[in-house]
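Down below are the structures I want you to see.
Next, two complexes with chain A in common: one pairs it with chain B, the other with chain C.
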Partner chain A sequence: MSRSALAPLAVVAPILAACVVLVAGRRAPRLVIDVLATATAAGVAATTGFLAASTLGGRAVTWSGGWSPVGGRSVGVVLVADPLGAGLACLAGLLTAVAMLYSWRYLASLQAHYHTLVLLFLAGLVGFALTGDLFNMFVFFELMGAAAYALTALRIEEPDSVQGGLTFAVINSLGAYLSLMGVGLIYARTGELGLARIGRALGGQRADALVIVAFVLVVTGFLVKAAVAPMHFWLADAHAVAPAPICVLMSGVMVELGVYAVARVYTTAFAGVLPGGVLRTALLVPGLLTVTVGSGMCLIQRHIKRLLAYSTIAHTGLFVVAFAVLTPGSVAGAALYVLGHAGIKGALFLVTGLLLDRFGSVDERDLFGRGSRRDPGGWFFLAGGVALAGAPPLGPGIGKAVAEDAAGRAGYPWLVAAFVVGSAVTGGAVLRAGLRVFLGLGHPPQPPASETQGSGEQPETPSLVRAVPRTMLAAIVLLLLAGALPGVVPPLWVAAGRAARMFLDRTGYAGQTLDAAPPTPVAPLPGLGWTTTGVVLGLVSVTLAVAVALLGVYRPRRAGWRGPVRSPAPVELLHRLHSGHVGDYVAWLFLGVAVVGALIAVPLLAGR
Partner chain B sequence: MSRTVRLVMFGVAAAVLAPLFGLAIAGAPPFGTASHPYRDLAVAAALRNATANVVSSINFDQRGLDTLVEETILLASVVGATIVLRASTGDVRRELAGDDRALAAVTLVSVAVLPGTLLIGLDVVVHGHLTPGGGFQGGVVLATGLHLLYLASRYETLERLRPLHWYRWSEGLSTAAFGGIGVGGLATGAGFLANVLPHGSFADLLSGGTVPLLNIAVGVAVAGGVVVLLAQFLDQALRIASERDGKG
Partner chain C sequence: MHWYAYTVAGWLMLVGSFGIVRSRDLVHAVVSLSVAQSGTYVLLLAVGYQSGAPAPVFAGGPAPSTRVVDPVVQAMALTDIVVSATVTALLLALSIQVHARHRTVDPDALTRLRG
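Our next item is the complex of A and B:
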């Protein structure tokens, strides 16, 4: 079987496995279902991992239905596997396998429906990463959504859970509809749906209102999925209630795929018509806002899952900023950062899930000092905080270092501040929570004024667990290792550099997709890896993170510390903006679309 | 945020977006031109594979991958709705009041149109590759036809005639059939979801290769899916009462 069969197999295998699990779910023993689901996810990871490695020498193009193009045109749908897309699909497979392993003792009452949905979610993630067709992207986007909404709202005994799922569904569906309108507009202009075809049709044209609006609408859905401010509100509400293994998938790869989709659509279809400088501004503004809001909100959370969710928002902001620099180095940095972040953040979510299963709470004050020093989970959590802050030589650190280096080379050295502060604040917040919960450092908690608490939540296992099952611990260790590894495996850096070069090569993409042209060889990026500056900046971030954590733990007692604590005005305001009201989120979403639209339209249309 | 603030914010966004959108629409090609690049290719491709209904050819042959994923979305939605709307702790099933008999006139009309509706549904599914319609449309007709029973009789009758646990089979097997036909194409070397069956002669019942088979798979999935989705909502409305409601 040729290499081009692998991409559709990676999509259809989890769908078929989901059907088997659904049909067999009522009768088959739980262990069989667990093994089948875990093995399918691992198989998808192996297949797409092989694709990622083998496509370094040239993309794997698959025309579904065998509709190979004639004269550069086809009526069919194309899957185009390149190292970056296949790499993300592989990440989705790995995270799903680990999430499944963690779930072996889990949500027993759902009769394999849980497994069915997770496998369908995986099919959506993989297809979205591999497709080379704009409308097909939208369809996979909807598949990811349909599965993820239900998985978020799984624990229907709690009203919060259903509310979180509903908010997630409303906001993401709205984004999807706007995307679909954009697809319609661009189809009206070009008569094409394939990314490469659209790229050829638009290349060298003048960017008029239709092209600009189509691009802005298409990427709106992806920006919503990426939780870019001010379209980020759904993410924290969804992560707060979703089961921990689902948070691993959403934070580790689904949100990142939103950023990937913006980048993919721009580089393949719109780069020939919308100048890079304009796009850079249009992404840097919301990207930096996302870092700011995410870090700020992360710092003031006491609900640990929300804290981690806002840290994801801050990091996604950093990924957007890294891509916005638009050089191979910055894209490589973003790719490595995503890998490292996925493992570390996943491990942090799973440790939090263990807290929930043991104490029925994820509230930092509620859990104060309740974790034991002998509990490996606590040390994993603290290690995760340090890694998240960008400590060398771990995964998030190398991504951060490479992205900072690329920003400096491209003439944006001031962006380094965003990377240092964003990673330090979020890492610091995690460390603070870990120090208080597991080591019991600092002052015992005081009664709160009005904040989202994390107590009184239902555990996800049938009852509170005493001893942690080995499968759960193994899942956490695997994720930590996966998050650390990218920092110490130089071949991965070389691969990321070449993957990034291929990703930005619009002509090569179109040639291989439409004309079956031989792949253009890509040279590795020189100088990609740990530099002295990178290590120093990493250490600065960690030091700052520790300072943030200690400041949070040993905050001096102010007057009025006893009794209800009043938060400072900006904190109150931030809290109030995140109201949980779907109508508010919709208004913010449209404001976000308007800002991005204006940032692109004004420089291109004014003065004509 | 108050309602006013929300509206003002949306108003500001709309004030920016509306003119931009207007300009974009103005830049779209006018109606009724002869230039249709995709149509020209798609109609030729449909004719080549002897599929009289070009829309079906696009949905199930030329862009079959989209439709496979759409069927999978339906599967995910059905499974998702089933678990999100499942009876939870604190819910009790309540007996229906005995006086929910329908009006005689409604019963008469429903019974009269029920067989015809089901037949039309089957017809629309089976002829999907020839005439307007197909698995999606026919499946919806079939599922709504079944609900005429609810109008004609009582909810219990409907409950007895729609064994809900079948959905695992209807949804699971139909989606697997779609995916399996796709893998079959791959196995013959023609490509994933390739139309590998004999195409037959144009406008015959047995023509279009895999298109009628995929239509039937989708018809089963949609009919089963709509029945299950409606059942979940009807159950929530008629059967399940929450202890928290007070009036269980």
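Our next item is the complex of A and C:
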């Protein structure tokens, strides 16, 4: 089989498996369904993993139906696998396989619908990462979206689940429709839908109002998916109510694909018409806002799944900031950061899922001191918190170090502060929750009024579990290892550097896609890896995180105070802004569009 | 006259979104979302429209060299409609479940997910 057949195979296989599972689910025992779904996901991971490794020497281009271009012109639809896209698809496959493994004893009351939806979700993720066509991005966006909405609201007997799923669906669909408007406008201008063709048609032109509006609309949907402030509100509501294995997929790869899509569309289609400096400002401002809001909200949560969700928002903000620097080093840093973050955050979500199954609660106050010191889950959770803070030599740490180094080299050394503070605060919040729940340190916190509590929820297993099934523990250990590995495997750093160089190479992308040109060899990026500064900054982050955690645990309380504690005014304001109201979220979305649009349009149009 | 269709497309998108912002009923919000999406249909069809040109059906019709309206945007609009049907059905089903669990479909009264 030629290499070009692998990309479509990785998209089609899960869809076919989903159909088989749905039909066979009526008769076959649950174990068969579990094995089939896990094996399919693992197969997709293997295929796309091979594709990622083999495309380091040149992209794999597949024109569906054999409608390949003639003289650089084509009406076909194309899949373009490059190491970064295929690597993300591989990550999606791996996370799905682990989520499936975790689900063997989990959600036992559910029938094969669950597996079908997860496989369709996987197909959407893989297709979105591999496609080279703007309209197909919208189609795969909605495929993964529809599956994710249904999976979020899977437990329809839960009041919170249906509400969170509905908010998620409305906001993301609206974002997708705005993207589609942008696709329509760019088609009106260029007559093209393929990213490479659009890039050639726009290259060297002046950025007029139509192109700017089209670009802003196209990236709006992706920024919503990436939960960039102020379009981030849906994420916490969705993650708080989704089953834990689904949170692994959403937090680990779906949100990151939003950032990837912005980057992909810009580098292949718009880099020739919108200057990098303008895009950098337009991404840095919302990116830094996202880090701030995400870290702040993370720190003041008591619902552990929401806490992890806001930590994801903060980290996605860091990925946006890293990409905005727009150098191969910063893109490589973002890629490694995404890999490490996916494993660690996934493990944290699964440990939280175990808490829910054992105690029927994910509330930090409610669970105070209830975890046992002999429980391996507690130590996994604490280790995850340290890793999330950027501890060397683990996965998130190397990504952070490489991105910081690249930001410094590009002339933005002050961005290092965002990386250090963002990872320290989120890691510290996770550590605080772990210390309270599993080690029972400090005083039980008292509840201010306007927060989502996490108690009184239904466990996702048929009854509260006593002993943790081995499959669940295995899934957690696998994710922790996957999150740690990127920090200690130098070949992965070299690959990330080359992948980043290929990702930013617009001419090479268009040549290979449209002219079947031979691949241009990509030299590895020098100096990628642990540096003394990187290690020191990582240790600073961890120290800060421990300080944040201990401050949270041992914060002094006024004696004799009874009743709810009044939060300080900024905390209260942050809580009230996150109102859980779908209409408010739509209004914020449009404010976000206006801000990003102004940041791009003003510098480009003002000087004329 | 061509700008008229684009104005309608933008208007539908904005008025639909505004409908969600001001909605007091989830069913109303879901339908508002559909209204916003209708804006994308109008935009896509307006992009491919040509004055006086026939539909792109050549079997027994016009000669292959005739100018026709763009079939690509029509295919996109069709895909869009399929997506819309799926999402709207899912959202209405969720609205029913919200009513069953919360005994209300007023977004102002759904206050469990805050902060």
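Note that in this section the second predicted complex is superposed on the first by the 598 of 608 C-alpha atoms of A that agree within 3 Å, B and C clash if a C-alpha of one lies under 4 Å from a C-alpha of the other, contacts with A are read in each partner's own complex, and residues count from 1 in each chain.
The working rule: a residue touches a chain if its C-beta (ideal position, glycine included) is under 8 Å from a C-beta of that chain, and two chains touch if they have at least 3 such contacts.
Here the structure is a predicted model, which means the values were calculated and not measured.
Using the contact criterion defined above for the overlaid structures, shared-chain residue A:23 touches chain B, although it does not reach chain C. By the touch criterion defined above, A:301 reaches chain C but does not reach chain B.
Of the two partner chains, chain C is the only one that A:163 touches; chain B does not reach it. In the superposition on chain A, the chain among chain B and chain C reaching more residues of chain A is B. With both structures placed on the common chain, the touch criterion links A:326 to neither chain B nor chain C. When the two complexes are overlaid on their common chain A, residue A:587 makes contact with chain B and with chain C alike. In the superposed pair of complexes, A:150 makes contact with chain B and with chain C alike.
Of the two partner chains placed around the shared chain by superposition, chain B and chain C are both touched by A:139. By the document's definition of touching, of the two partners only chain C reaches A:237; chain B does not. Touch criterion met: A:174 reaches chain C, while chain B stays clear of it.
The interface of chain A with chain B overlaps its interface with chain C at residues 75, 135, 139, 142, 146, 149-150, 153, 156-157, 162, 165, 185, 187-188, 193, 579, 581, 583-584, 586-587, 590.
Of all residues in chain A, those touching chain B in their complex are 1, 5, 8-9, 12, 15-16, 18-20, 22-23, 25-26, 62-67, 73-77, 79, 110, 113-114, 116-117, 120-121, 123-124, 127, 135-136, 139-140, 142-143, 146-147, 149-151, 153-154, 156-157, 162, 165, 185, 187-193, 208-210, 212-214, 576-577, 579, 581, 583-584, 586-588, 590-591, 593-594, 597-598, 601, 605.
Those residues of chain C whose C-beta lies close enough to touch chain A in the complex are 9, 13, 17, 20-23, 26, 29-30, 33, 36-37, 39-40, 43-44, 47, 72-73, 76, 79-80, 83, 86-87, 90-91, 94-95, 97-98, 101-102, 107-108, 110-115. Chain B contributes residues 1, 6-7, 9-10, 12-14, 16-17, 20-21, 23-29, 35-38, 41-42, 45, 58, 61-66, 68-70, 72-73, 75-77, 79-86, 88-90, 165, 168-169, 171-173, 175-176, 179-180, 182-183, 185-186, 190-195 to its touches with chain A in the complex. Chain A contributes residues 75, 135, 139, 142, 145-146, 149-150, 153, 156-160, 162-167, 169-170, 173-174, 176-178, 180-181, 183-185, 187-188, 193, 236-237, 240-241, 297, 300-301, 306, 450-452, 574-575, 578-584, 586-587, 590 to its touches with chain C in the complex.
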